[in-house]
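Quick one: structure below, then a few questions.
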Amino acid sequence: MEKKKVVLAFSGGLDTSYCAIYLAKEKGLEVYAALADTGGFSAEELDKIEKRALALGVKSYVRLDVSHTYYEQSIKYMIFGNVLKNSTYPISVSSERISQATAIARYAKEIGADYLCHGSTGAGNDQVRFDMIFNIIAPEIEVIALIREKRLSREEEIEYLRSHGVDFDFKKAEYSINQGIWGTSVGGKETLTSSETLPEEAYPSQLKVAHDAPAKRIALTFEKGELVGIDGKHYDDKVKAIQDLQHIAAPYAIGRDMHVGDTIIGIKGRVGFEAAAPMIIIKAHHMLEKHVLAKWQLFWKDQLSAFYGNYLHEGQYYDPVMRDMEAFLESSQRNVTGEVFVDLLPYRFVVVGIESKHDLMSNKFGAYGETMSNWTSDDVKGFGRIFGNQNAIYYAVNPDEIEK
Amino acid sequence: MEKKKVVLAFSGGLDTSYCAIYLAKEKGLEVYAALADTGGFSAEELDKIEKRALALGVKSYVRLDVSHTYYEQSIKYMIFGNVLKNSTYPISVSSERISQATAIARYAKEIGADYLCHGSTGAGNDQVRFDMIFNIIAPEIEVIALIREKRLSREEEIEYLRSHGVDFDFKKAEYSINQGIWGTSVGGKETLTSSETLPEEAYPSQLKVAHDAPAKRIALTFEKGELVGIDGKHYDDKVKAIQDLQHIAAPYAIGRDMHVGDTIIGIKGRVGFEAAAPMIIIKAHHMLEKHVLAKWQLFWKDQLSAFYGNYLHEGQYYDPVMRDMEAFLESSQRNVTGEVFVDLLPYRFVVVGIESKHDLMSNKFGAYGETMSNWTSDDVKGFGRIFGNQNAIYYAVNPDEIEK
Amino acid sequence: MEKKKVVLAFSGGLDTSYCAIYLAKEKGLEVYAALADTGGFSAEELDKIEKRALALGVKSYVRLDVSHTYYEQSIKYMIFGNVLKNSTYPISVSSERISQATAIARYAKEIGADYLCHGSTGAGNDQVRFDMIFNIIAPEIEVIALIREKRLSREEEIEYLRSHGVDFDFKKAEYSINQGIWGTSVGGKETLTSSETLPEEAYPSQLKVAHDAPAKRIALTFEKGELVGIDGKHYDDKVKAIQDLQHIAAPYAIGRDMHVGDTIIGIKGRVGFEAAAPMIIIKAHHMLEKHVLAKWQLFWKDQLSAFYGNYLHEGQYYDPVMRDMEAFLESSQRNVTGEVFVDLLPYRFVVVGIESKHDLMSNKFGAYGETMSNWTSDDVKGFGRIFGNQNAIYYAVNPDEIEK
Amino acid sequence: MEKKKVVLAFSGGLDTSYCAIYLAKEKGLEVYAALADTGGFSAEELDKIEKRALALGVKSYVRLDVSHTYYEQSIKYMIFGNVLKNSTYPISVSSERISQATAIARYAKEIGADYLCHGSTGAGNDQVRFDMIFNIIAPEIEVIALIREKRLSREEEIEYLRSHGVDFDFKKAEYSINQGIWGTSVGGKETLTSSETLPEEAYPSQLKVAHDAPAKRIALTFEKGELVGIDGKHYDDKVKAIQDLQHIAAPYAIGRDMHVGDTIIGIKGRVGFEAAAPMIIIKAHHMLEKHVLAKWQLFWKDQLSAFYGNYLHEGQYYDPVMRDMEAFLESSQRNVTGEVFVDLLPYRFVVVGIESKHDLMSNKFGAYGETMSNWTSDDVKGFGRIFGNQNAIYYAVNPDEIEK
């Protein structure tokens, strides 16, 4: 009788290594390990993951490159919406899971898998994201959440692997680092408290310039809201643009902060992060928007983006309202084209200014407080009268309220 | 025949000095000069303004202390709402005008004035704010917007004053500075462009510590959303708390940025600002809120505050919806009590963490990703199933959409 | 050994009768039956429910009158917010569950119960509402969702009751009716389809006047948003006012419609309803608001109320954001005082007009399109210029867009 | 010397007839009269308007058919958004002005006009709409708002026309009627009060069926949100579909109500309206949406549409945010395809139900409260636990709040 197939979302870590053996040995399944690579791994790391998969004796191993899908599905719209969860966090990790889960589930459909297995524990957000997306993309395939079901300790998993001849080096780092193209999260003993912050050395990038280093000015080119150039170099590959900007900014130790937010399961979570390129891109993009978008565009983008970011974080990327919001955001970017100048400095950056043919601040229409070419002071006087008309009537009708 | 009375919103500058003479000499009015002091002036500056008023021969001069009214009317709610216009600007100047215009108009009613005069030009936002608020508070008093009407040049005004024996020193500064307790705005030749930024020396506070100075940690105490303590010292006077924090933070040259926004009259305006205390207070307050407020409180506060800040900026403080929003904001602050720790560093600050008895991140309920005391992994599995139920149904009904 | 106590949310129906016996006989518990009465029962029905409880041999039976709590907790704010789910449905049933669950859980705490039992099945919304609210009000008391756990058929339950000597008349009605003071829901075979509507006779009120009956005009008095008078009669008891209005309107067969909406568990649900008094009150209240509230009050009330109604429907009454929204709504009602005239007609009603000393449409300020007392046509011309200024600039900068 | 050209927005009424003569005789301009026809006129009325223009001796007369532009620019999106101002009014008149002003201004550019003239008075909304749109579409052409400038009485205008040999019959109707394809507004002495309603005879359609006439069932077919069929007849021309539906529904005197709202100039306005087809289309469309859209789509559509409708009413169609909102709305309509059944009855209609292949209420996924195929009661139990988790924690941390 033919064995049934399981696609395992593989990361090379302890949990998914355990799954690889368990699914084969205890469940008698043919294990197809799949790594959904969103662009956060080095070539060396990718090599190590592949070697581990093969060492675990999986039937097949495949690396699914989803970095561009990830950009097109999520990053692009997070830039359009200047999405920072709670005004702080560029949603570095959670949005990645969506593209990963999607790619894994599609791969499982392609090869006609009978099961899908993810290695999320029962304590975090990822299990909900994986469960929901597997169920949407491949509702006909049964999901095995092995780690959640078994609730084993680290030691038990290591012991089990050893008993099957696997003796990888699973040392537990002091700080758990989760690296992606849209930022790196850092967890550790301080992030389990409410009152302490991460030590300098916990962050992946260390300051490589002097504390009083002069500003390094860079020019970012945006086209319809997307980063397409750095210092005059054009990028067709927008993922590469982000990676190059990260490389330029990293020596300045920029974009660190602490995120405190609501998890999908209702408790508060706290995590440090470092996200130089995402923070610079979002702030530069936003500055450009302030020049080229109209007042209510800026307002409504913020209203929608707050929801969009939260809901994305909760793994609800596939809610159809997200497509409607993306249509709004995409429409709003039609003139978000121009250059933004940014100064990189130790631990911080300054958005210097912009140049755009869509700049609404052009002197042709009167500089603020200086000249007026298109209207008269009588126009403004009349405007003030009518703009305040309803309130004037309101207080004439309700004179008692004005005393407050 | 008795002369008619005019109350002049006086600042001691060229425009209002011109008004003081013109209203008396050309219009034959009895001039009551009134300074609405929101707390931005030093004792020395206040003295100079009073001397000028008297030198101009006004019938009376009065300083109206509105700093605490200003705090109660606007600053408090801008803290509750973490109000930063376009995610950047603490609305340093525009919200002041409201309390000033209100105090001036009330004073005019008290003394039975026949006219109200403000010195705003026809090119900015302030004229609209003054016109609207004068018309709401004192609709029976006619408004004279003398500078807007006369459209004189600087030189013409100086010449006119000289011809009446007034020869103050009205030198035009390279950078126009507008100082208040909620921040200082800085305008200059760079802010008339879209692409340049202010030079270091244009800012009021200069870095007084070394570039590699160690962090200075301070503790801010909030009670129902209001700053009531710094490093253990309690403040009954919340205006004083802001001023003291500003004094502590100024040597670090913190809180500088460039604001680009939509003016009331529809054009884009750009201005530099420095606002150490406001930025620290808002970011510290927001961090505390992330720990003590529920998810949807954070969401809706942001939705309302975006409108509240914009509308306040447009001088619409007296719109009755503002009272409704303040009721929402006030209600939301009932548990925003605790301490926030902040590190001051050269040109920047870091919100380290918080301590609060209302902290929802208490370990008692399970640290994120670590332990679970109040629910099981089966609960989460069930949650994921139902939380994703509608989307699962949606794609079963509309399978074509999943291919996108 | 003493028996453990269970409080049973009792309704007198089949499911909770089954629970009463099962909890006592199989689980050996002391059963305290409690009916949370929101005002939808007649004296006769209340009597029948009590008799059944006693016949089932419960240790104690108590009727908790929650009609006024229900009004103060939910109905009042649903009026303030003109809450109609999906612009149609006055949330007749779901909001009741909140006050019921709260009262039951508080009663359980009072008597020191060990268990709480509700009779909701596993297929609807109510189980989620009861579970969540029991867990909030009395987290220390274990919840037994007996019907959900046992998954018995109607017949099995009846058989079990008979075997214990209970032989009530549990006939299944063709249409399931759920009557409350804020409306009556009607389910039946048509509501299980998407395309059919309920027959005339399924509704609780039948038309008692002629098809061409003349309009019956009534006058409703509101005070700060609450209905306090009908045709000149003042009500201190606002629940009574609603009940009396229902009595007046019922012969006109008013307020019927079909609600289609999203259930808590993600599927779509469809139900008929008849809610004469709620529909008349909401529409009359809204008309009064259109006269006394300012533009942005009307706008933001709608934005918040849409969420408030949805979240209330989902049983999330205890989310702290709901208190913040209620503070907003309460503040907005400070001038919603006046009389509203309504014509009752067969199957429909017409809101005729209002009278209020807070009416902003007073002729003193210029009737629309007729006279202007407080501003000139030049003011309006100026207003139009400035109101359209940003867009004029936008198209001057982006001339290509105007061709669309 | 060649005469300068003026394009006059002509309606055949007293004001624009006065303009036609005055512009030619007193200003020496070549008058190009243009009627922007949005589809509200009969062939007979169109004929009369043309005859009048020619009798007034204009240089040229042209009828610009903008009914389809009007549909594409506004009506379509008002259907997508279920736009009813203040939940009541289908924005019958104000949205028309936008397409009219646009067409007139484009025509003026085409023929190289020197001036644009509209006949709006200084007391209403239309002047602002015309001024703003003329200034956006044709900023280089000077606008003459002749009626606003001259402020003549009816009698003076009639006298002036007579003195130039024009003696049309300008009798002032008791009720001013403004007829369009998206509804007819009715003003009269009652609408100047707050407390009275229009008499039956003031409405354009009179009941033509018996008071107890049986329901006439019609089937409306929607495709991606647009009405494309009535009772099986397909319409390529969607304007025709609206007109035919209006014809079918008119004998039932459906869609009458009183609109009270905020005018652009800040005062409250009140007007009666009758809009059978618009009300039926919007309510039928909304019912279909409740079946085929997801929960948050329904929510966010409402949030955006409230603003969209208000801003459209204020003549701000050309604000770029409107295009972004239309992109959202258009995206949301991708599955709004199906049939809706409606019963027409005297003075009212009932939306019976729908049929759609996109119906999310399909029995396949479990009818509400009946069966469950895709999830278990344990799933729902777990869901309730996690869905209520944050609030349970909140009250454990803040136990005092639960007493309220």
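Chains: A, B, C and D, in written order; residue numbering restarts at 1 for each.
Note that a contact is a pair of C-beta atoms (placed from the backbone, for glycine too) under 8 Å apart; a residue touches a chain by one contact, two chains touch by 3 or more.
Note that the structure is a prediction, hence the values are computed from the model and not measured.
Which listed pair repeats A-C comes down to matching contact pairs by residue number; over half match for B-D among A-D, B-D or B-C. Rounded to whole angstrom units, the spacing between the C-alpha centres of chain B and chain D is 40.
Averaged C-alpha coordinates give centres for chain C and chain D that are 32 Å from one another.
Annotation for chain B: residues touching 2 or more other chains are 262, 265, 267, 294-295, 299, 303, 307, 319-320, 323, 359-360, 365, 375-376, 380-381, 383, 385-394, 396, 401.
Shown here, the protein chains touch in all possible pairs. In the complex of the two chains, the chain A residues touching chain C come out as 294-295, 334-335, 357-360, 362, 364-365, 374-376, 378-383, 385-387, 389-394, 396-398, 401. Chain contact summary for the complex, chain B toward chain A: residues 82, 86-87, 121-124, 127-128, 131-133, 135-137, 139, 145, 148-149, 151, 187, 192-197, 210-212, 257-258, 260-265, 267-270, 286-287, 290-291, 294-295, 298-299, 302-303, 306-307, 310, 314-316, 318-320, 323, 341, 343, 345-348, 350-356, 359-361, 363, 365-372, 375-377, 380-381, 383-385, 387-388, 390-392, 394-396, 401-402, 404.
Touching chain A in their complex are the following residues of chain D: 262, 265-267, 293-294, 296-297, 299-301, 303-304, 307, 311, 319-321, 323-332, 386-390, 393.
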